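Here's a structure for you.
Labels run A, B, C, D, E, F, G and H following the written order; every chain starts at residue 1.
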Amino acid sequence: MAERDVKLDIDRRKRLGFDEAILCAGKSCEHLVAILEQLEGSRLLLTRIDAETLENLPPKLSRQIDYEPLSRTGFFGTVEAPTGKAEIAVITAGTSDVSVSREASRTLSYYGVPCLEIADVGVAGLWRLMERIEEIKRHRIVIVVAGLDAALPSVVGGLVPGLVIAVPTSTGYGAARGGETALFSSLVSCAPGVVVVNIDNGYGAACAALRALWCGVSGE
Amino acid sequence: MAERDVKLDIDRRKRLGFDEAILCAGKSCEHLVAILEQLEGSRLLLTRIDAETLENLPPKLSRQIDYEPLSRTGFFGTVEAPTGKAEIAVITAGTSDVSVSREASRTLSYYGVPCLEIADVGVAGLWRLMERIEEIKRHRIVIVVAGLDAALPSVVGGLVPGLVIAVPTSTGYGAARGGETALFSSLVSCAPGVVVVNIDNGYGAACAALRALWCGVSGE
Amino acid sequence: MAERDVKLDIDRRKRLGFDEAILCAGKSCEHLVAILEQLEGSRLLLTRIDAETLENLPPKLSRQIDYEPLSRTGFFGTVEAPTGKAEIAVITAGTSDVSVSREASRTLSYYGVPCLEIADVGVAGLWRLMERIEEIKRHRIVIVVAGLDAALPSVVGGLVPGLVIAVPTSTGYGAARGGETALFSSLVSCAPGVVVVNIDNGYGAACAALRALWCGVSGE
Amino acid sequence: MAERDVKLDIDRRKRLGFDEAILCAGKSCEHLVAILEQLEGSRLLLTRIDAETLENLPPKLSRQIDYEPLSRTGFFGTVEAPTGKAEIAVITAGTSDVSVSREASRTLSYYGVPCLEIADVGVAGLWRLMERIEEIKRHRIVIVVAGLDAALPSVVGGLVPGLVIAVPTSTGYGAARGGETALFSSLVSCAPGVVVVNIDNGYGAACAALRALWCGVSGE
Amino acid sequence: MAERDVKLDIDRRKRLGFDEAILCAGKSCEHLVAILEQLEGSRLLLTRIDAETLENLPPKLSRQIDYEPLSRTGFFGTVEAPTGKAEIAVITAGTSDVSVSREASRTLSYYGVPCLEIADVGVAGLWRLMERIEEIKRHRIVIVVAGLDAALPSVVGGLVPGLVIAVPTSTGYGAARGGETALFSSLVSCAPGVVVVNIDNGYGAACAALRALWCGVSGE
Amino acid sequence: MAERDVKLDIDRRKRLGFDEAILCAGKSCEHLVAILEQLEGSRLLLTRIDAETLENLPPKLSRQIDYEPLSRTGFFGTVEAPTGKAEIAVITAGTSDVSVSREASRTLSYYGVPCLEIADVGVAGLWRLMERIEEIKRHRIVIVVAGLDAALPSVVGGLVPGLVIAVPTSTGYGAARGGETALFSSLVSCAPGVVVVNIDNGYGAACAALRALWCGVSGE
Amino acid sequence: MAERDVKLDIDRRKRLGFDEAILCAGKSCEHLVAILEQLEGSRLLLTRIDAETLENLPPKLSRQIDYEPLSRTGFFGTVEAPTGKAEIAVITAGTSDVSVSREASRTLSYYGVPCLEIADVGVAGLWRLMERIEEIKRHRIVIVVAGLDAALPSVVGGLVPGLVIAVPTSTGYGAARGGETALFSSLVSCAPGVVVVNIDNGYGAACAALRALWCGVSGE
Amino acid sequence: MAERDVKLDIDRRKRLGFDEAILCAGKSCEHLVAILEQLEGSRLLLTRIDAETLENLPPKLSRQIDYEPLSRTGFFGTVEAPTGKAEIAVITAGTSDVSVSREASRTLSYYGVPCLEIADVGVAGLWRLMERIEEIKRHRIVIVVAGLDAALPSVVGGLVPGLVIAVPTSTGYGAARGGETALFSSLVSCAPGVVVVNIDNGYGAACAALRALWCGVSGE
């Protein structure tokens, strides 16, 4: 019965270069099965799929999924490892933000795009960022994952000439307001031209980076 | 006395490729004069400068400003007109959003970067967008300026493969909440990889486009 | 003891054409039993009743309930299947919104009113909507169920002349704000005359459709 | 120069039955002139146009506008007076809400649709509503304009079987929160099937009523 | 060790007429035990104590508690049943609000003050309120417990001359916003002189009623 | 034309003991004139009427108004001065709150009810309250007007056994949030049984006090 | 008549070391005159007094006020210039924040306490801060005034061992939300032990610095 | 794999005097193990570590942790007990706030700094505070932990000359808004110079106190 509830955007890769990814949170198990069965033989990126949901899938399907628990992402079908020189850096302010930055790097991997990952370079201990900044600046695109006050995108945005994509995270409590403070803070960054995606949306940041990367490449 | 309150980031162009722009709203006339005098002979982009403030500046300074009233932007010093093929499109949902999109296009002009401007292609009359979509898709970067429900970035993001930068605007009343609805709506766009800047921030969108453009160019 | 806490609006059908439906979430099991016992022999629509609550009811009562798990609705007593031509369409942007659209269609079914259900026609893949739009336009009333940026009601509202009832949903995270973004977005739709009900309120949308349908019919 | 910023949805009447109305607030005088000149010889509904803006228009244009100051609406071009039996009632809770209800009735008038207007039937003095309720119930559609606690839509929604469209208003101060309290209150009305439009949006309520009215008529 | 963390306001009855009541939610079991042991031989009102916490108390203490599960209140020590004529009415809009109204009536009982309890007189079915309104009006103080749009306090406040105390409740979902809509709605009631307590605060409403009752009595 | 927009609740005094008061803010001059003319020969309380509006009224009407500028209240028609012993105290935390407390005392005066007014007893200088607390405690009802952190109602509520009505005010800036902080703070007062009215609503507090006073008096 | 509305906390200096300062915004001219006349011969700090209010004071009073327009502060009576070594630094992120930092430095001056003022060291151009950081670190207390994303307090809090007091400012638009973003951002600073005062509250920051300074001094 | 996600700010003690503390909530077990193993032989403060997480650590690590359950803090490695005279007081309004105040006192203990702890001195029973106020005033720094209306910091701030650090807590329900009411209330305290940290942030308050204490001591 669930099948009539699912209509995948199978034309998306042709239009945008992306496959439709499946945000698993909020979908019933029946819906997920219907989606995976429609796409068998093809490949698919699954986001926000928790270990429990994975276990509830029929083994025939779950066995085809390459799962990474920290980011809760899965690759369904065959996905090749990234190769080549990284043009995208993914950096995080704190250890708690890594589940989000990993979602970004996994999304890039799904599309065969390599990236540099650096964790724990938050501005409270500025020396950690400064140690790596020259390396970071060599990348055309920098994804900056930060919660709390989201000071990192501003500092990076003031030092790096490339495209800076801020991903606010929901870490913290109280005035962190589930990530809204980091979100608003990123949006009013004092550094010019920092762009922002939704709270905890590592997937979206990676897609934006791919848009910029691909349009840059094809543009030449 | 005001001079000690002003310390421009004169090193910015070297680091980022941008000059520091001056957001005039919220600055006293004394501060603006101090800033302009520091930079005489050089050039500067002024944003959110209203006609009244302009008139209050000493003629010696105001006479050096090329002012555009709809966007409330001014070019201080000599700025060359853009040349070459446009790789950036700036489109708006409604007529009321044009003051913001013009801020974006003027910022691009300041840096000599041409763009295509299209107004009034909101989705309530979808045919207007569809008439122009092939033309829009030919651009590497699309800045989408939209208030109210900000449905336009989602529709564009689903049709265009390049980098899509949404600029929510404060048009509308009531549940438009001064642009917060458009902001949140853009952030949770159902199209993948749409990035967002602050409400009414045409300047920031242009800077982001320049970051993507320049890093793309230099990357080759 | 709980009985004194329950006083059903048994006069409602005479006044409005509706029975009082019971929103089960937030009601104690004792209260539900008291309500069902008062209405035995009659019929009743139960909304937001989860499988667990159902199991805790006395078998004598639960056995009289026709339950649909995705929408968490139950029909208590005898309900006839809908017949005739559908004048109402119920469409959803994404798969995650189907639990809400199903609540709407089930409510219509309870009153013997047929409808067309179409899922997954969100605007990120506009071709899916365009494939079906002529069919949708043939209905007098269109219920549009959409979360996130709720761009679908605007696009539909710009293409369909009938009454468009938007149901924002709580799908998504972060800036989706539990459905408030979709709610506000629907309220400031750029399409004229779109009306809105509460977040996730498929039941309310169906009631509104019935009001419009019945008043239209009797008006002739 | 402004002309390129304006692209009217001239196809709207064919698609939806409506003309595009112009929300004048937030538009520059140049933009208004560009719009009116494009439509000369035709007709147009102007909303939120204040007396001052009207005076700033060229006399050639302003002279063609039939202006109503309380609702701040204008009819540009020739508009016939409504005729026939009213099937829509527009009622308000308080005197301060009349500017909004008048916007609704003026919009109906623009389309030649008559309505019954009743003011000041708020529930704090319930007898005022009860005196008129039988008359109100005879209408297929009731637009209920109410600010503050918006208790009126609930009471009306519990007494009237037709379509009830609530228009929350921004009257009041403090916890009225510029109309958000009335908005949320209307959305969670304890009466089933009440639909809601944006705060102060008398125009939108009228459009919704026209959608329901016209789809009802053509449906037979 | 926990004892040093507890310092009861043992002087309160002398100053205000009340005992200090203990809000059990958010207190550790050790703290509750420390409090009850300090007051053994005396009496105490416990609010928001769930069945699970009760079971975790030492039997020596829990055995002295008269528990009512719907309101989650407990009387510790000996409490006499109320006697005399009721001067306070406690009414609720819906069945889901009864847990809150019961907290109010139990608090009154703790102080030996009788009240009239009426449930399910919400305005969507106005006849239910009208059937009882003459009886309600005979009370000096009316506590009105209502969630969602909180239309009931306004209607009652317009019909009853006595002190009307609104208790907004957290029933509902979406735009009900955990009771904030009912709270704001009550605060901007169109009926004059309605007073409000915190969301779900049946205890506070009862205390306010006792203040009014006692000051009225002693005032003569 | 405006007359049809006005329907006063002329039955209110019989039902509740109050006349309908007119909140002048947000009403057009025409509406005010229509109201006053309907009530000539009778009497009426006007609130939030600024000096400018007063001057715009026809002299025949304005001359019948006893105006107090700080509270912006007017008595239309003949109002007798209060007599007898004060049973109500109206106290304020700061000088900026006096415009609100004066609205309360003026409302009481309109109904011939005397009160004690004390200003500037905020808790930052606790000695000022302590000097007067014995005097305050002798009143059956205490209206406490306080903005900012609204600490005063809690301290008073812990010292005074009578009915305590908190009126939060919109004084302050930033985190004062236009009075919402004071409002929420009053609602969660740590003192039991404090009741609250809308921000800056001195009129409502007075009406509540009158309800309590009159029901107490008639109750004996 | 206004005099009874004013009761200064004349005992404050003895208790806390401070005089009561007068926040002039929101006070009527009559109230200000009443306050100044009560304190003639003594001295007083006036905050948020705009030039217009100053001009409306009787010359006898205004002449005794030493006014600074950027901070809108006035010293009434004789105030000595600060002497000695600065132990407090007041730094700002941007030029627009100087009106707030000046309020802090003026408050310190009123109490004879010297401070170092540095403007425009926001993190978007990190080199500006780094040039001065050794100088800043030599101060026991650093007041950091920053709006927008308030990244500066975090960076400073990670580099400076002394007490760091963040003053969020209301500069910016859109997602800056009148300073709330800077406020929340400061509260969740990733640097440990940063403390925060209200938005734009330069006065409060200075008072806190004085508390820390004086208690440190007297503590030895 | 997790190790690369962790980069401790090992230089912090040298810069600021603090070790980096680890907020355990939101960190995976793997990350915690990686952190503890990096620091073995050294010492570390763990905050927000619940008993369950503790049990999941390898015994080799958990055995080195001195755990306090009410505050959920742990000392990893050897920590000496505080000695000397207390210059800091930590006081709480209610028993429910003790988990937060204990986090503050435990943090001070970790650094060998003694403090005076007093619980349950909320202003609803003012005598409890007044009994202890002379003792409290003898401390250079007072940390005031209070939820709900947070009236205590204002009263204390008006009586105590030292540095007053308010810690709002998330106790309460409804209008307490998870501690935001206490937060905003503290920020607009009517007492001058009260500073504020994040909701429930006992750790941050202690760090601020240490900054003030150490800079005061070294300043002499």
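Annotations
Going forward, contacts are C-beta pairs under 8 Å (C-beta built on N, C-alpha and C of every residue); 3 or more make two chains touch, one makes a residue touch a chain.
Note that the coordinates shown come from a computational prediction; the quantities given were computed from them, not determined experimentally.
Among the remaining chains, those touching subunit D as well as subunit F are E.
Chain centres computed from CA atoms place E at the largest separation from subunit B.
When chain centres are defined as mean Cα coordinates, G lies farthest from subunit C. If you average the Cα atoms of subunit A and of subunit D, the two centres end up 44 Å apart.
Centre-to-centre, using mean CA coordinates, subunit B is 49 Å away from subunit F. Work out the mean CA point of subunit F and of subunit G, and you get 34 Å between them. With touch defined as above, residues shared between interfaces to two or more other chains in subunit C number as follows: 12, 124-125, 158-159, 172, 174-176, 183, 187-188, 192, 198.
Across the whole structure, chains are in contact as follows: A-B, A-C, A-G, A-H, B-C, B-D, B-G, C-D, C-E, D-E, D-F, E-F, E-H, F-G, F-H, G-H. If you check the complex, the residues on subunit A that touch subunit H are 70, 92, 95-96, 98-99, 117, 119-121, 124-125, 127-128, 171-176.
Those residues of subunit F whose C-beta lies close enough to touch subunit H in the complex are 93-94, 122-126, 148-151, 154-155, 157-159, 172, 174-177, 180-181, 183-192. For subunit A in complex with subunit B, the touching residues are 12, 15-18, 21, 87, 140-141, 158-165, 183, 187-188, 192-198, 203-204, 206-212, 214-220.
On subunit C, the positions that touch subunit E within their shared complex are 2, 4-9, 11-12, 20, 23, 25-28, 31, 35, 168, 170, 178-179, 183, 198-201.
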